[in-house]
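Two complexes come next, and they have one chain in common, chain A, joined by chain B in the first and chain C in the second.
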Partner chain A sequence: MSAILHIIEYDVRNFFRYKWWLVGLISMNLADLFIMAIVYNQMLSSDVMKEIGSYFNFFAPGLAVTGLFASAFMIGREVNMERRREVHHYMLSLPMTRMELAIGRVLSGGMRGMIYMSPLLLTCFIFLRFPTIWQLLVILAVLFLLAMGISGLSIAIAVSTSSLEKFITARGLVYYTLFFCSSVFYPLSLIEGLGKDGKFPMVLVTLAEVNPLSGASDMIRSFLLVGYPPFSYASILNVVVFSAVFTFSAAFAYIKIIERK
Partner chain B sequence: MPPIIQIQNLTKKFGNLAAVDHLDLEIEEGEIFGLLGPNGAGKTTAILMLATVIKPTEGTALVGGFDIRKSPDKVRGLLGIAFQEPKMLWVATPWDVVNWHAKVCGLSTEERKRRVKQVLETVDMWEPRHKNVHALSGGMRKRVEMAKVLIQRPKIAIVDEPTTQIDVVGKHKIWNMLLELRDEGSTIILATNELYEADRLSDRVGIMHRGKLLVCDTPKTLKDSILGGDIIDIQLEKDASPTIVEELKSFKEVVDIMQVKPTNLRLYLNRVEEVVPQIMNLLMKKNVPVNSIRMSEPSLDDVFAHYTGLTIEEAQKDEG
Partner chain C sequence: MRAIWFVSQIALFGLIASRMMSIPNYFQYYVAGLSVMTLYSAAIFIGFDIYEEAEHGVFEYLLSLPVSRKQLVLGRSIGGGLRAFIYVGPLIALSLYVIGATNPLSFLVALFALFLFSFGVSGMSITIAVIIKSSDRFDILMGVLDALIVRLSTAMYPLAVVQAANPLYGGLASFNPVTYAADLFRWGTGIEAIITLSNPLWPLLGIIAFFAFFTFFGVIIYDRRIEGGGWQ
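And now, the complex of A and B:
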């Protein structure tokens, strides 16, 4: 257990070495929220606006999930870089089990996601409303599970790709697929409607429905937005499954692939 | 007492290339074992397998009685490594690197506070302890890498080319640190391509070339094993002709001749005092002017050349 804590310390301290860069990114995220809200409130059709009320209110939880995703994914870039610079030889030589090392990396990626997302989530609370204690605990638990899954996904990609270019390409594919087919930027009902009208492939509609990013965004909205449809518990199950699959994939990939060379 | 490390048929292949080729070796507890060879000889790959960082293709090793394949976690608990290229957290200070390493190796907070300062002072890194590692010179980074092993005081310390990029004063400091570490009870594997370093520090030396262990014994026994107890290096004004080399070989005291450069000959021979005047007479008679002549005892360089037919520099180029 102490070995896992040391690995978390290693990764979280590395994360905070970029503190001013992170502050800049969070500020840019918040600026994006306000600018997009002003622009999109004018651009969206009245049908959509009737459903979501205000784009600021709709997008703020989505932005928190976006921030969580981007920062939890950063651990993969570091693992990939460590592998290319052979720093992983040092990590693998430390007196700890491979499982402790892998779990430590996944957990720290998740924690970094939560740290980065905190100011964005706080913004939601300030501008929408504060949740009850239970709602807050559910939000934090689900988002931490999601962050772990994202961290695991990025580590699995990082140890499976030999170069930074390949890692960045894979990251781009994952980013755009998961964000495009989700309710982070637009309501799920809009995607489902387009699917029924044959304007959107049904496979992508299904992906948007089971996407853990949709589940997490809609859960926060259902707690913070008055009149927003209640979230389905199945969406939490999606997050749990996503987290479990990628946490173990990452641990397995880290242990098996990284020792080969 | 059984050897602390028993390597049995250890092999690592990358595709068709055998980086380490059926290595058999035993290392005794408390000794400094020099693993000598040019870059690319397989030293680092062998070390990484012993440290359970990479998996062998074939064979295994027992480290402190634990099999590297079956009990890698237990093996890692016995080892400390100073890598060839310093493996640092990519954005950190020397203090962070050593302190975190000590923490992972289980040193208590009190002990850590004391020992981090002590070790960083020993390696002359206390002053720049809060500098970013990117701002450190190669030698300073190497010293931080050594500090990790010194603070850990492992049962088995592996140091991979510990003094490359380090000035002469720094080299001597690191050598003394390794000797102290051995005196405190650690077994040390010293991988190096510096013959003088291996000769000076090692209780025994194993010479590796192209993944294979060519020979292994004490430096003295290895040097004594070369036929012809004396060496003379002759530098000629002009290139040595094959005829003159043949004529020199005809002396019964001359065991072997190596043409180091077109103008430089190294002769391995017996009864040097008697034969040198005869050699000089021959060269004068043949009108071969001599720039210099130097007598010496065999070094590990000569041992390496004897077993591989190459100087370590040539072997390095060969591997490159």
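And now, the complex of A and C:
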């Protein structure tokens, strides 16, 4: 256990080395909320307006989830760099088991996501409303599971790609597919409507429905917005399954691949 | 990476978001704005190259070349803008395929404006890079600038909507080179009905002023700051 804590401490310290990058990212997130969302509010069609009420309120929880995603994904870049520069030999020489090392990396990625996301979530509470204590605990638990799953996904990609370019390309594909095929930016009903009209591939509609980013965003919305969308256990289940699959597959891939010569 | 971003923005975000908006033909509007946003971020990259050159000692080599400082900065801004244009060219072609261009003359004027815009952004990036001389600070400033310049422009939404949302945002968007470039590009491709561009001369003059300011101001700043080291 103490070995895992050491790994978490190492990764969290590393995270704050990117403070300038973090300031840039957070300012972009806030610009999205306080400029883009406010302007989009004026452009919504009456049907969508009837469904979601206000785009600012709709988007704020989604923004917290995108912030969580971007920051939890950062661990993959470091793991990829360690692999390319062969720092992983040093990591393997540390007095801890491979499983402790792998679990520590996944956990720390998740922790970093939570740290970064906290001010965005707080902004969301301030402008929408504060949840009850139980709702808050559920939100934090689900978001932590999501952050772990994202961190795991990122590590799995990082150890499976041999160069930075391949990692960045794979990251781009995952990033944009998961971001845009989700209910982070627009209601799920819109994507489903496009699918029914044959204007959007059904496979992407299904992806949007089971996407953990949709699940987490809609869960926060169900607590903070009145009446939209209704709370669903299925969305939490999606996040739990995603997290379990990627946490364990990343730990397994990390152990197997970094031991290769 | 940028190509993936561009295509996914069109095929996923643009397509779905256009369903959400009350503005007719928002998809075409968005695709045109996206081309300008991509051009902007590609042209900014020259500043990062300057830091890499300083780190690897290429700067000293460039200073030793038999060219004046003015020629050096002018060449770099034009080179930076040109390479951004070449890089974004296929993406602009893709967006033209989506939007279509009705008047070739208008389109050529718009293309010329985009060239100047691209050179101006490169000049701005070089100027800021040599003023700051710290890659970390440059990185953050460019991130913040990108967030504000792009969002406070008409790249994603018409000026009338920005003004209705917040008069301050509208005021800032009216004096933004990204607004000028996006509006001219839309005018050039024939979708100006959505943007209600009364006179394309104003945005064109705005872009020329932007290009001239950052190219010539860049020359002066470059000349003063280039020597003496201090790169971080």
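Simple rule for what comes next: the second predicted complex is superposed on the first by the 260 of 261 C-alpha atoms of A that agree within 3 Å, B and C clash if a C-alpha of one lies under 4 Å from a C-alpha of the other, contacts with A are read in each partner's own complex, and residues count from 1 in each chain.
Everything below uses one rule, namely that a contact is a pair of C-beta atoms (placed from the backbone, for glycine too) under 8 Å apart; a residue touches a chain by one contact, two chains touch by 3 or more.
Keep in mind it's a predicted model, so treat the numbers as computed, not measured.
Look at A:E9: by the touch rule set out above, it reaches chain B but stays clear of chain C. The partner that reaches more residues of chain A, of the two candidates chain B and chain C, is C. By the document's definition of touching, neither partner reaches A:S54: not chain B, not chain C. When the shared chain is aligned, chain C comes close enough to touch A:S45, but chain B does not.
In the superposed model, A:S118 makes contact with neither chain B nor chain C. By the touch criterion defined above, A:I191 reaches chain C but does not reach chain B.
Chain A residues in contact with chain B (one complex) as well as with chain C (other complex) do not exist. Residues 3, 6, 9-10, 13-14, 17, 78, 81-82, 85-87, 89-90, 92-98, 259-261 of chain A touch chain B in their complex. Within the complex formed with chain A, the chain B residues making contact are 14, 48, 51-55, 72-73, 76-77, 79, 81, 83, 85, 87-92, 96, 100, 103-106.
If you check the complex, the residues on chain C that touch chain A are 1, 4-5, 8-9, 12-13, 15-17, 19-23, 26, 136-137, 139-140, 142-144, 146-148, 151-152, 156-157, 161-162, 164-166, 169.
Within the complex, the chain A residues that touch chain C are 20-21, 23-25, 27-28, 30-32, 35-36, 38-46, 48, 168-169, 171-173, 176-177, 180-181, 185-187, 190-191, 193-194, 199-200, 204.
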